[in-house]
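For reference, chains read A, B, C and D in written order, and residue numbers begin at 1 within each chain.
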């Protein structure tokens, strides 16, 4: 796999909401998901030969993601694979149920034709010291290097679907102990 | 290769200077390499199970890097491989001669025991809209995923030593056309 | 009044909480007042001959500020005036009840011996596009230039106590129409 | 003087270049004055009832400002006063010769009809830890509060023309000792 040719590497980014996208609403005096921020985050990444098309699936807190919403995410990924117009799929997702969505994707699309990499953030892109830009940048790099399959890329780590665990103490995603 | 176990992934980062490390000196009224910034950059990355030890090799503009300096970088990498205390080596380097240093490393250390990933930036970490943090974050991700060898990781791309070319028009690193 | 001598201009800053100090708590997944941020904000202002001593009075949302809390703020200001160790007093405060606290101060301390300037922010210092640093910088400048009395300094404007009104539509503080 | 009415406070900002406006040119690998940045800086200030019209006079390092250029700045200020379309004039200027330009303005326009406030920065707006936004925010506040005359507003201090001295050791502007 040539990871560096000048022909653009095509990523479809499925945005679902989650902490990564929360921004401050001064009228509400709180963080909301009213304004999408993924586009802004991507505009600050510098990768001239990576083409990222953002597809908005939903804008919800991942704690609010039930089976119906999860099915929508799976459907969006399936459509993307069917259209065969992406070299990889990146999904931005809240961290609380990211592991479950990854499993649902792995079960539904067994043997996907390209890497599907889920990521998110412990701190919103629009707050100080956010890990959002790092995680998306690393998810892009991982999407370009791993073999087809479903993974989480988070805090400098890649974890295969089925083994993703949220570490609530250290506020990160880790691989399940064996 | 288990890329996600909780046992820390150990990186030795060899810092050599380059644009990525330039910071503004208000007395000189110019960008200088007087103050190292890699430590600050790394402190803003969120990757609890990646241990990065910074080793300062030099602090020079890569246009000032001659064969003697290049030999020092190779020696530092060789020492690190000999000590076998790193899972990967990341080297921060100016972009003008990064390709040549990568080649020197590949020739001198043929078949290194771990990935050696060079990176840098087109805009200093300490100036607006810098690509430094993205490149280092992606270099870390790449260092964790590629097979042993010498590479550049830059702007969402991984390029093997021997094929790295600086694109002065688009201000990025690309892979040589074949 | 010599506003520029090299002898430091001494400000006592009474911190009370409010939106300006809210920071993101990744465990709670929300903005809280758990960590003071005024010290960090001040550390990023560059004013070598202004000495600002921060005194923590409380850390509450100004909607939670009742008469008891308001009396504490007045008492803290009175102590400061009695000690006569400040050239001006700056108070950081939530915007919802800032006007009321300004009135309470003006009534209780009629004819204070130095300027008392209240300020705050519509967006926390620790979120993107915050107006916090601007407001504090302008409050410091105003504190140095106005005659003794009680004022709000906010969004490039100075408003005397008794005439401060929060404009909930435009999210700013304005002077009452006459 | 009503400093807080809702009728906008009208400022004409005369931009002349200087450190405050330097931005990184990745092709040159250096800080240049090729791109104006004052407009961007102002866009990040939150002051709904302050109208700032930027007029570009020149884009030079203040060390390059000779008597001819200085005369242009004076002429631009005179035109503005003649048109009487501003409540105050703010001038962004390099710090090395800011004092001289302030004197030239005071001499040429003796008894100007409104405050003329010069400011600048020790660190460009587009580099880390810049003092640019603070200085402009404080210059706006000062412009709104001082009596007509020519001043520097810098690092939380206001200094009348004729007494402005650059402190090269502490990297700030101070008032001349008497």
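In the analysis below, a contact is a pair of C-beta atoms (placed from the backbone, for glycine too) under 8 Å apart; a residue touches a chain by one contact, two chains touch by 3 or more.
Just so you know, these numbers come straight off a predicted model, no measurement behind them.
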Shortest walk length in steps over touching chains, chain B through to chain C: 2
How big is the gap, in whole Å, between where the Cα atoms of chain A centre and where those of chain C centre? 40
Quick one: chain C and chain D, Cα centre-to-centre, how many Å? 26
Between chain A and chain D, what is the gap in Å from one C-alpha centre to the other? 45
Per-residue multi-chain contacts in chain A, two or more chains: 122
Which pairs of chains touch one another in this structure? A-B, A-C, B-D, C-D
Which of the residues in chain D end up touching chain C in this complex? 2-6, 9, 44-50, 122, 129, 131, 133-134, 137-138, 140-142, 144-146, 153, 155-160, 163, 170, 172, 174-175, 177
Quick check: in the complex, which residue numbers of chain A touch chain C? 19, 23-24, 26-27, 29-31, 122-124, 126-128, 168, 171
